[in-house]
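As written, the chain order gives the labels A, B, C and D, with residue 1 at the start of each chain.
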Amino acid sequence: MAETLCRVLHNDWVNDTYKHLIVDAAHGAARAAPGQFFHLLCPVIGENAPFFRRPMSVYRIDKAQGRLEFLYKIVGRGTTTLATLAPGDELNVFGPLGRGFRLGADRKHIVQVARGVGLATLAPVAESAGRLGIRTTAILSARSPEHVMSADYLRSVGAEVVAVTDSEGTSDAAAVERRVRSLVERDGGDFFVTCGSNRLLRLLQRLGAEYGIGGEVAMEQPMGCGNGMCFACVGSFRNDEGGTSYRRVCWDGPVFDLQEAIAWST
Amino acid sequence: MAETLCRVLHNDWVNDTYKHLIVDAAHGAARAAPGQFFHLLCPVIGENAPFFRRPMSVYRIDKAQGRLEFLYKIVGRGTTTLATLAPGDELNVFGPLGRGFRLGADRKHIVQVARGVGLATLAPVAESAGRLGIRTTAILSARSPEHVMSADYLRSVGAEVVAVTDSEGTSDAAAVERRVRSLVERDGGDFFVTCGSNRLLRLLQRLGAEYGIGGEVAMEQPMGCGNGMCFACVGSFRNDEGGTSYRRVCWDGPVFDLQEAIAWST
Amino acid sequence: MVDMSVRIGGVALKNPVMPGSGTMAEGLARVMDLNRIGAIVTKTVTPDRREGCPPPRMVEYKDGSLMAIGIPSQGPDYYIAEILPHYRSFDTPLVCSVSAPTVDAFGAITAKLSAPGVAVIEANISCPNLESDGKAFGMDPEASARVIRRMKASTDRPVWAKLTPNVTDIAAVAQAVEDAGADAVTCANGMLGMAVDVENFQPALGNITGGMTGSCMRPVILRMAWQVARAVKIPVIGSGGIATARDALEYLMVGCAAVQVGTQNFIHATAMLDVIDGIEAFCRRKGVARVRDLTGAMRPRHGLREGQAA
Amino acid sequence: MVDMSVRIGGVALKNPVMPGSGTMAEGLARVMDLNRIGAIVTKTVTPDRREGCPPPRMVEYKDGSLMAIGIPSQGPDYYIAEILPHYRSFDTPLVCSVSAPTVDAFGAITAKLSAPGVAVIEANISCPNLESDGKAFGMDPEASARVIRRMKASTDRPVWAKLTPNVTDIAAVAQAVEDAGADAVTCANGMLGMAVDVENFQPALGNITGGMTGSCMRPVILRMAWQVARAVKIPVIGSGGIATARDALEYLMVGCAAVQVGTQNFIHATAMLDVIDGIEAFCRRKGVARVRDLTGAMRPRHGLREGQAA
C-alpha cells in the first residue's frame, strides 16, 4: 500500500455519464484484489476543489502490463476534475485499500447483481472467479441498454451476462427476483455478490436468508482518509449481539458480509 | 468600471520571464487610461490558488478593436496560472481601476525611465503623449538586451528609445543620471515619469527637485480589492503637513506625484 | 413574487443582504447600484484620527485571508462632512459603525454620529486589531453591556452590537447586549490570527496579528450565529465567510434575519447582488413566500442515514 | 548534520513531528515506518465504550474539513489488549490520549493506562463533540487545572494537556494547567463549527456541530500557540493546519517545541515524513544546527517596509 504518482494512459467516455480511466501503476496493480479500492487525489481546478481523495474500486487489474483501470461516474467536484485528465497527465493514487471479496474456491456458481457504479466494483470478481474456474452469472441493472457497461468484458472473462433495464421494464424487483430464484433453483447459484443498489441488497438479503446462501456486498460511504484513521466513513452494521454497530467502510470493508450489511437509505 | 468576462486572444512568451496577454474587452478598452490597471481573476489550479485578484497595468489599449493588452512577469501563484491561459479561454477582468497619469497638454518633452514591469505601465504614456503631440524619450533599463521589451512598439508610437542594460554596464545610476541630465539640459525634458525601480525613483526625485521639474510615478503594492475598499494596499506618502501618511495605491494611485512618493525598500 | 423584505431592530430593509463594515467604500457605487442592497454599512469610525496598522496588511490563503488593517479613521467630523454625503442619494438605510477606547467615548461618538442620514449605529466592540493581543470590549459580557447601555442612552437610533468571535461563550455576550438594549446583534467580526514569514523569521503582518475572514471561517462563525440565535430574541445578522447565496442561506436557516457580506466584495464587487438574486431564486424554487420564513428554518435531521445512532 | 531531537516534558523525541490524536491508526504502519516520527499519538480513549457521532460525519471545504466523529472508544481494557501491542515493536515513544466525563474518571483512566509501553498521557480536555454545544473542561481554566492535578496524582508518566481553541483566553488556560503540573501543552484541538444542508433544511452533520481542522485554521491556532508560548515555560506542541514543513516552521518560530500533524495525514499518509525532511532541509539551508533553536526564533519586523507606522 503506497502513494504513487501514476501516468494516465486513457480517460474516455463510456457513455454520457461514465468514463473509463487507465493508469500505469505497476506496484498498485500487482497487489490489488477484487473489491479493493484506490484513493485518488483528484485535481483542484477553480471552484472544483476536492479536499480529500476520492475512493474508486478497481475495475480491471492488468498485472502483466502493470495497469489499473477504473470505471467512474461523474457526480460532483472530484469526479469532474478527474474527468479532465488526459493521457500523459499524472494522477496520485493511494492504495490498494480495504478488504476485498473472499471468493472461497469451494463456490460453484456466483450470482452477482450490480447496478450503476456497482458494475465497476463487481467486474474483477467475475474475472477472478473465471480464473478460479467458478461459474459466474452477472445480472447488470441499468437505466437503459446504453447504460449497461462492461457486458462484453464480463463475457470475455467467462461470465454469463443478463442485462436488465428500466427502459425495457426488465429491472424491477420482481423480475430480478425471478431471475435470481431461477439461478439458484435451476443453475446451482450458491453465492451472492452485489453492489450499487439498496433495493438489490435487500432483495439478495431476503433470498440469501431464505435459501441459506451466503454472500457479500461492497458498500459505499464518503471517505476522509480511506485508511481506517479518521472514522468518517462509518455506517451501521448488524453485530454479533443482535444490535448494530458502526464499522469503517474503508477498513472493515468496503466488502461486508451480505447479512451484516444494512441498506442505508440514501 | 465593471467586472467583465473576456476572451483571451493571445498569451505568449516575450522572453524567458514575461508574457504578453491580449484579451477582447470592448467595454474596458474604451475607458482605460494610461497608468490605470485591471484586476484580474487568475485561475485556481492545484496548489496555485490565488485568493484575491491580481493587478496589472494596461500595456496597450486598442480602442478600435476593443482589445486590452498586458505585459506581465511570472513571479508567483497568480501569474503562474495566468500564464496557462490559452486563446479562447475566459478571463474575468475588473476595471479599469485607479488614477492614471495626468499628461497636461502643455508638456513639451516627457522623459520616462522604466525598469522591469514598469515598461508595461509606461508604454501607454508614450502612446498617449504621441497622440497629444508631446515628445517622449523612454529610457528602458533591463538586465540584458533580451530583456528590453517593447522598444519597437515605443518607437512605433513616436517615442525615442534609449536602452540601458546591466549586462552592457550602461544601466548604473551614474550613467542613467548623465542621460537624464542631458535630456533636460539639451533636449528640453520637462516632465518625468517612472515605474519599476526604487533606485530610479530616487534619482528622478533628486533631479526633479534640482531642476524644478515635475513628474509622476506609478507605485505597486499587493492588493486586496483594487477598488479602495479594503485598505490593504497602503504605502507611506509625503503629506502636506511635512509628515507622511498612508495612501491607497489602488485608489489614490497607482500614479502619484513624483515628490510625494517614498521609495519603499522592497 | 418573493417578499424579500426584513425588519432588523426597528429598520425595514428591502432585502437581508448588506456589506460588512470595512468591506465597502465609495468605490462600490461605481460598480453597482447601492439602492439594490438591504443596507449600506460604513467602515468603523473612531473618535480620534488614526492611520491604521503598518503594512504589510494582508496574507492570502486558499479560501480566506488574514488582514490587519486597523481602523484608519479620520474622525466623526470628517465622516459627517465627507463620507455621509456620498450615500445621501440612495434610499438604502445607512448603518454607521463606530468604535472607541472607552465607554464614555462610545457614548460621545454615538451621539455625534446620530446625524441626519444615519439610520442605525453599529457598535464595533469586536475589532481584533486595536488592542494588543486582540483584547476588546466584546470579550467581556459586562463591558459589552456597558458600551451598549451608554450608546442607547446617547441616541434615538437603533443600535446593533457587532460581536467578536474570539470568545468562549458568544451566546453569553449576545444575551448581555440584548439585556443592555441592543436592537440587533451582528455575529461576528474576524477571528484573530497570525502568520509567520518563515524565510525571514518575522511576522508576516506589520501588526503581527490580524483578522481571519473569508469562506474558510464560515463553519465556525455559523456555529456561533446558531448559538446566538438560540440565546436571544433580537434579530441576528450573520457575518462570516458568505460568498454565495448558498452560504447566506446557511446563516438564515440557523436563525439569522439578515447577513453581511465582507471579504467576497473584494473578489467580486457585485457579490451582494448575486447573493440577493440567489436567495430569491431559492425561495421561488422551494415555494418560500417570504425570505423571513427562512430564519431558523433548519429542522433536525429526519431518519439518520443509518438508522439508530449511538 | 542537523540535530533534530527535542525534549518535551521529560521525553526525548528524535524529531519534533508527531500525529494529532485521532488522525492516525494502525493503518499508518502499512504506509510508513513509524520509527521515523517523533512520537506515536493514539486516538483518545474514554472509560466507557461508545460508538461516536451518527453519520454524516464529514463536510469538506476547499482548505479544511469539518468532522464530527466523537470518540468511538472501546475502553481502556481493549486499548491495552488490542491497540498497544500494535505499537510495541517501534522505538518511538507512545502518547496515549485520554478523556473522561469527570475529574475522578480522568484520574482512573490515567492510572489504568499508565501501562508498560505508554510514555506519555495526553489529556484531551478539549474535544468539541462530546457535550452538547461543545462545552468542555478545557473551556474553564479551573476545571482544566483540576483534571491535570488529578492526572498527575494518578501516574508517574508525563502529562500533556491538549487545549481547546474555543476560548477567549487560551493563555489563561495554559497557565492554569502549567500551575497544575502539566509537563507540556498541546495547542490546540479542532474549532467548533457547523454546516447546513440547505437543500434539505437540515444540519449537514449527524452531530450538528463538529471540529473544523486543516490548513485554513492555521492562522487562528498559530496565533493561540504564540499567545500560549509567551505565557508558559513548559513546552508547547502546536497542532492546527500543518500540512507542510513551512507550516510547521511557523509553529516552531512562534515558540512551539514540537508539532502535531492531523488532517493532512488523511490526504497524504506520509505527510509527517515530508514535514520532518522539510524542516531538516530548512535548518541546513539556514545554518541552524539544532531544530530546537527554531523554537521562538521569530523576531520583530525590522525596518517596517514604509518607515514609521501609526
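Note that in this section contacts are C-beta pairs under 8 Å (C-beta built on N, C-alpha and C of every residue); 3 or more make two chains touch, one makes a residue touch a chain.
For clarity, every value in this text was computed on a predicted model and none was experimentally measured.
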Number of hops, subunit B to subunit C, where each hop joins two touching chains: 1
Chain located farthest away, centre of subunit A as origin (C-alpha): B
Rounded Å distance between subunit A and subunit C, as computed from the means of their C-alpha atoms: 48
Subunit A and subunit B: spacing of chain centres that average the CA atoms, whole Å: 58
Cα-centroid distance, subunit C relative to subunit D, in whole angstrom: 32
Sites on subunit D at which at least two other chains make contact: 51-52, 55-56, 61-64, 305-306, 310
For subunit B, residues contacting two or more additional chains: 49, 235, 246
Interface residues, subunit B side, partner subunit C - complex: 1-3, 41, 49-53, 94, 221-222, 224-235, 245-246, 251
Complex contact set, residues of subunit A against subunit B: 43-47, 49
Residues of subunit C touching subunit D in the complex: 50-56, 59, 61-64, 66, 70, 72, 133-134, 139, 166-169, 191-196, 198, 201-203, 206, 209, 212, 215-217, 219-220, 222-223, 226-227, 246, 249-250, 253-254, 282, 297-302, 304-306, 309-310
Residues of subunit C touching subunit B in the complex: 22-28, 30-31, 51-52, 55-58, 60-65, 67, 69, 72, 214, 265-270
